[in-house]
Amino acid sequence: MPNTFGHLFRITTWGESHGKGVGVVVDGCPSRIPLTEEDIQKELDRRRPGQSKITTQRKEKDIAAILSGTFNGMTLGTPIMIWVKNEDARPEAYAEMEYIYRPSHADFTYQVKYGIRNWQGGGRASARETIGRVAGGAVAGKVLHTIYPSLEVISWVSEVHGLKAMCDPNTVSKESIESNILRWPDASNLEQVLKEIETAQREGDSVGGVIECVVRGMPTGLGEPVFDKLEADLAKAMLSLPASKGFEIGSGFRAARMKGSEHNDPFYMEGNKVRTRTNWSGGVQGGISNGENLYFRVAFKPVATLAREQQTVTVTGEEVILRARGRHDPCVLPRAVPIVEAMTKLVLADHALRQKALDLTAKSF
Amino acid sequence: MPNTFGHLFRITTWGESHGKGVGVVVDGCPSRIPLTEEDIQKELDRRRPGQSKITTQRKEKDIAAILSGTFNGMTLGTPIMIWVKNEDARPEAYAEMEYIYRPSHADFTYQVKYGIRNWQGGGRASARETIGRVAGGAVAGKVLHTIYPSLEVISWVSEVHGLKAMCDPNTVSKESIESNILRWPDASNLEQVLKEIETAQREGDSVGGVIECVVRGMPTGLGEPVFDKLEADLAKAMLSLPASKGFEIGSGFRAARMKGSEHNDPFYMEGNKVRTRTNWSGGVQGGISNGENLYFRVAFKPVATLAREQQTVTVTGEEVILRARGRHDPCVLPRAVPIVEAMTKLVLADHALRQKALDLTAKSF
Amino acid sequence: MPNTFGHLFRITTWGESHGKGVGVVVDGCPSRIPLTEEDIQKELDRRRPGQSKITTQRKEKDIAAILSGTFNGMTLGTPIMIWVKNEDARPEAYAEMEYIYRPSHADFTYQVKYGIRNWQGGGRASARETIGRVAGGAVAGKVLHTIYPSLEVISWVSEVHGLKAMCDPNTVSKESIESNILRWPDASNLEQVLKEIETAQREGDSVGGVIECVVRGMPTGLGEPVFDKLEADLAKAMLSLPASKGFEIGSGFRAARMKGSEHNDPFYMEGNKVRTRTNWSGGVQGGISNGENLYFRVAFKPVATLAREQQTVTVTGEEVILRARGRHDPCVLPRAVPIVEAMTKLVLADHALRQKALDLTAKSF
Amino acid sequence: MPNTFGHLFRITTWGESHGKGVGVVVDGCPSRIPLTEEDIQKELDRRRPGQSKITTQRKEKDIAAILSGTFNGMTLGTPIMIWVKNEDARPEAYAEMEYIYRPSHADFTYQVKYGIRNWQGGGRASARETIGRVAGGAVAGKVLHTIYPSLEVISWVSEVHGLKAMCDPNTVSKESIESNILRWPDASNLEQVLKEIETAQREGDSVGGVIECVVRGMPTGLGEPVFDKLEADLAKAMLSLPASKGFEIGSGFRAARMKGSEHNDPFYMEGNKVRTRTNWSGGVQGGISNGENLYFRVAFKPVATLAREQQTVTVTGEEVILRARGRHDPCVLPRAVPIVEAMTKLVLADHALRQKALDLTAKSF
């Protein structure tokens, strides 16, 4: 199911970067969830291009239109179709792409897999595809809010080209993150990081980084052993994002340098609640949430589009120099923050419904 | 589909560590693939406990019996059921577990999710569950060999408690890996690493590490955008393994410290073949294999079972000290090598069939 | 996956009868299939309301717009989004429906299931939803034509209110079917049947009937035992249609009155080809096509919307008389013909790709 | 997913008629459902061969062994593996089958699809495969009983070779059905029907028939529009059974002869409950259960194995006479009754969990 994600709460995204638009069908959404176009627009605005000087200058308003599935501001339990038109499509800017494979883009692999590609932009491989995910994630967020009113999903940029943001995932606030164009919660080195990005931009280059995500107010019991462990579905969600190269939960790769006596999270009681003193597990044990904060990190490579000459080949097998391109994101990280949040909400909403189905102790009808 | 993995080539694993056995049903396997119990046994023997002094001393022969799906040594195209009996089950050794949650095990989360658990061992959360994966992976390996005779999947332990194996994924040999009990391809520091593990073992402790995997002889075109990108399915496969905490492909988290001009893989021609000069992409671009070596890494935490006292709580909410346990793996890594390979083969076999379905340029009937 | 049908070639339909439109996302379609909006329009025009005096007078042009998935008239291998706007929506005509459950409609069941419904028409339960199926079926038809150029799917109305069309499924022609507004291949009693329908219409009543379908030029080997038998997937496809009440393949219910010695289809050789002398099997044995004509029948109930008073209840539990309604289809059968064909093509395209994936004797890459 | 059925509550069956056994893995079963081998054995005994003079004399005890998924007589929420050994396998009796295709069996179609088949019996196409369904259905029955204590699923043979049982589905009792070897609730013509079957048996022939099923105590709200309508999933379930040729719900094919004014089920109030005066809908409207009795019928062809000579062809394309075979079922209907019930329970359990997932009005955790 290449373009569908989720088992009970599921999205199917569609659309190319240069065509009549992109969108999503959300299926499996419970009925009677309040949902308006504004709920979706709010999240789309966070991923929109042209937000600041460090993002691409492509001008897209990215206006969400709900074509089905709601009635009087409530979900009907039927498929919710959301459409966002493409506006600033300039296919002529891509004319060269008909014949040339851009390095570390998907031009070559789409061509060998499908024998055809929409070369007027990145097609499905464009980051524009994530609009459908963000729109679907907004719906998932409404579902989660209905079931777990105190759950909150918070992401931020925690690393850019080797520079790191210091912050405590247990307390970091949305305000501190959204207060700057980078979505960087550490004021102490924000200027330094922005300067780094601007330098890359000036040099026609780009930089990679890491996004961290924490979910606070997590319920226990989400995640289904053995293949649909919560961290497995999150890993898939994150590695399905354009430009992502790695995922780690809790201790992550750091676990490779630890001993069991350091890594094990001792249980203790907090009132009636079972808690752990440390959280190297990242909120998941045996694939199931334990009620501690869910915590993971996602690595993103530097954007592949550069305003520099690069060596490459043509579709007919000649080695050529790819000319520099105009506008591009020198650092995709700030725009990826709402996308990471959206995928997290989609995974959690799906598992929330799956858990609801299994728990017979609550009679629901 | 909690216990099923794969879309066309799919496995369903079953069984608890203490019960009548564990196993797998392989569905969607093409017919007329040569398959015997020996093919499966060979892989099971690589993950078997008691292989060496650095693995658990649990004695299990882990004999594979094929109950259906083959005829005269060939697959029938019908479900292949493989059963491995549990033999060295000593449920009495776990009596204490009925009342106590072991730290960083799945006892607590299974209890809150299901309201019941087989406390006579780890149940489904036991690493014994991976027997079904390894058996299924052996079948997947036969399918891959039929379609791509020159494809090879090679994994090794590349890091243990901070010590690293130096080796070139493009040339590392199975022989150098399988020549030692750790599956460690770097002879220069093998003894040092083994000593580290033995020290941990003596101290009743355990150590984590990293497994690397390379697939050589990769075809182009495997992986389905956008959600079933090859790296997304691999990430899910790996994070569904017990004790895994992280996954990265190609540059991985290192990408966060790179610039686009360093990270982009320039294309060039090698005869008629499009190649890349570097392989930061790890063999996948836009979620589709580009024919370069597939290369990824998986982080594993130190085993949670320790021969040490630990703080924890009981099922009735009392804080207690968990007594030291007897046998355990001080380092799960060498036994995880065949498991990582199995999951890789499962992902590739599934995507090989999916790609075969889509390619209408070859008429197959 | 309530709104998704198919495993490899799959459609997801969306949209309510009164809202911004209805449509479909086709996923899993192979690339490089010629596809234009005209291909889809042609089929939509066959199911459109207002085609003749015996169908509803609702005026809808039902214009198909492809929003994604094609490029220069060819499929890209990416999701194909097709949208049909709702035009003649007259929600005010349904005002009464907010409070009253129409007998044998889905008003009551949607209300109890979802706790909300779009009462301005039938919502998802409206036959308008089948637009997405017909559009998706048109795409499936193009795929089938590419793989099996001589395969043809032919449906017709074979029974209306007890009157039967005499025709031989092995030879009936599209021309004879499409030559009249009823899609009835038997000229001998066509006028009588039309008169029957007009009488029902004049009386504010409606009539049921049967649609037959034959697929000629069938390949062998389609259908996957044991649950995805070809007839099982066809049965599900047909019973998922609004107003359908029964499905039978080959001998169908008539088999209940036969002996094995009559019902068994003797094999014989026609040149190199294995054939059967009779075809009580309906082209499928053991769930797999045997190369004979696929043949099945679908029963449809009389349309539930009547221009008559009926007893019913309100949402608040009062017994009331439902007033007569204006426009309606006295006989849904002719418009259901293209829908039955569409569902048939969807099932066959899906199984064609599934079979292609399994057949390793043809190397496809 | 050829050998898997269900979305949340799902079974995967495996095994050939002549091999080490047949079985099922039940996944998605909620935890803490009481379940023992006796619960399963009780249902298997009802489908066992050799029950009476009108069923095959093949001697199989069909003993169910649960290999995983339960603990202390309760389900764990993990996969339940049930294995039934093959005992009376006499592959030598099938020697001829290696070269000959039996008419209206699956020998030919399996051969063309898979290029190989287990010719020592029917393989997967044998009715023995339904053991896994019956075992899985027994588990589904326990789940249904937990959620809806008053729901009951009742099937019976209602037609054999044209003779019909008169009975009222709303009141027919299990006792009257199980009181005779035919599972025929009409004492008035039971002897006549049995005589018909014995005549067929004596003549080496077989007879077809119809099974009816009613579910009383149905909840409202089960079934998911639009493709997973309750009747669509039931139709698929029934047409996936060996030898079934047709399915109809409520009025079924009779609807084709009715007018809307006869067919519509008028609503009325019974206390607070919305009821319908007639039930032509068969308990489902718009694909969702309305609380009335679910009622449907399934047509079965006469058994294809005959003790008579038949014309057929060999695997090498020669026309030959197939010799008469020894033991067979002259009428499969009585043994199909528990199978129809099992498939019904599987569909209902799956939809019960799906509905539970969607209904947010009941907080379940």
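Letters are used for the chains, namely A, B, C and D, taken in the order the chains are written, and counting of residues starts over at 1 for each.
Criterion: a residue touches a chain if its C-beta (ideal position, glycine included) is under 8 Å from a C-beta of that chain, and two chains touch if they have at least 3 such contacts.
These are the chains along with the protein names UniProt gives them: A, B, C, D = Chorismate synthase.
Nothing here was measured: the structure is a model prediction, and the numbers come from that model.
The minimal number of chain-to-chain contact steps leading from chain A to chain D is 1. Placing every chain at the mean of its C-alpha atoms, the farthest one from chain C is found to be B. When the interfaces A-B and B-D are ranked by C-beta pairs in contact, the top one is A-B. Mean C-alpha position of chain B lies 39 Å from that of chain D.
We define each chain's centre as the mean of its Cα atoms; on that basis chain B and chain C are separated by 45 Å.
Put simply, the C-alpha centre of chain A and that of chain B have 26 angstrom between them. Chain contacts: chain A has residues 1-4, 13, 28, 31-32, 77-78, 113, 115, 124, 221, 225, 355, 361 touching two or more partner chains.
Contact residues on chain B toward chain C in their complex (touch as defined above): 8, 28, 30-33, 77-78, 146-147, 219, 221, 225, 353-365. Chain A makes touch with chain C in their complex at residues 1-4, 10, 12-16, 19-23, 25, 27-28, 31-32, 65-69, 71, 74, 76-81, 83, 113-118, 123-124. Partner chain C is touched in their complex by these residues of chain D: 1-5, 7, 13, 101, 103-106, 108-110, 112-113, 115, 124-125, 129, 159-162, 200, 205-210, 220-221, 223-229, 231-240, 242, 245-269, 272, 274, 276-277, 280-282, 284-291, 299-306, 308, 310-313, 317-319, 355, 361.
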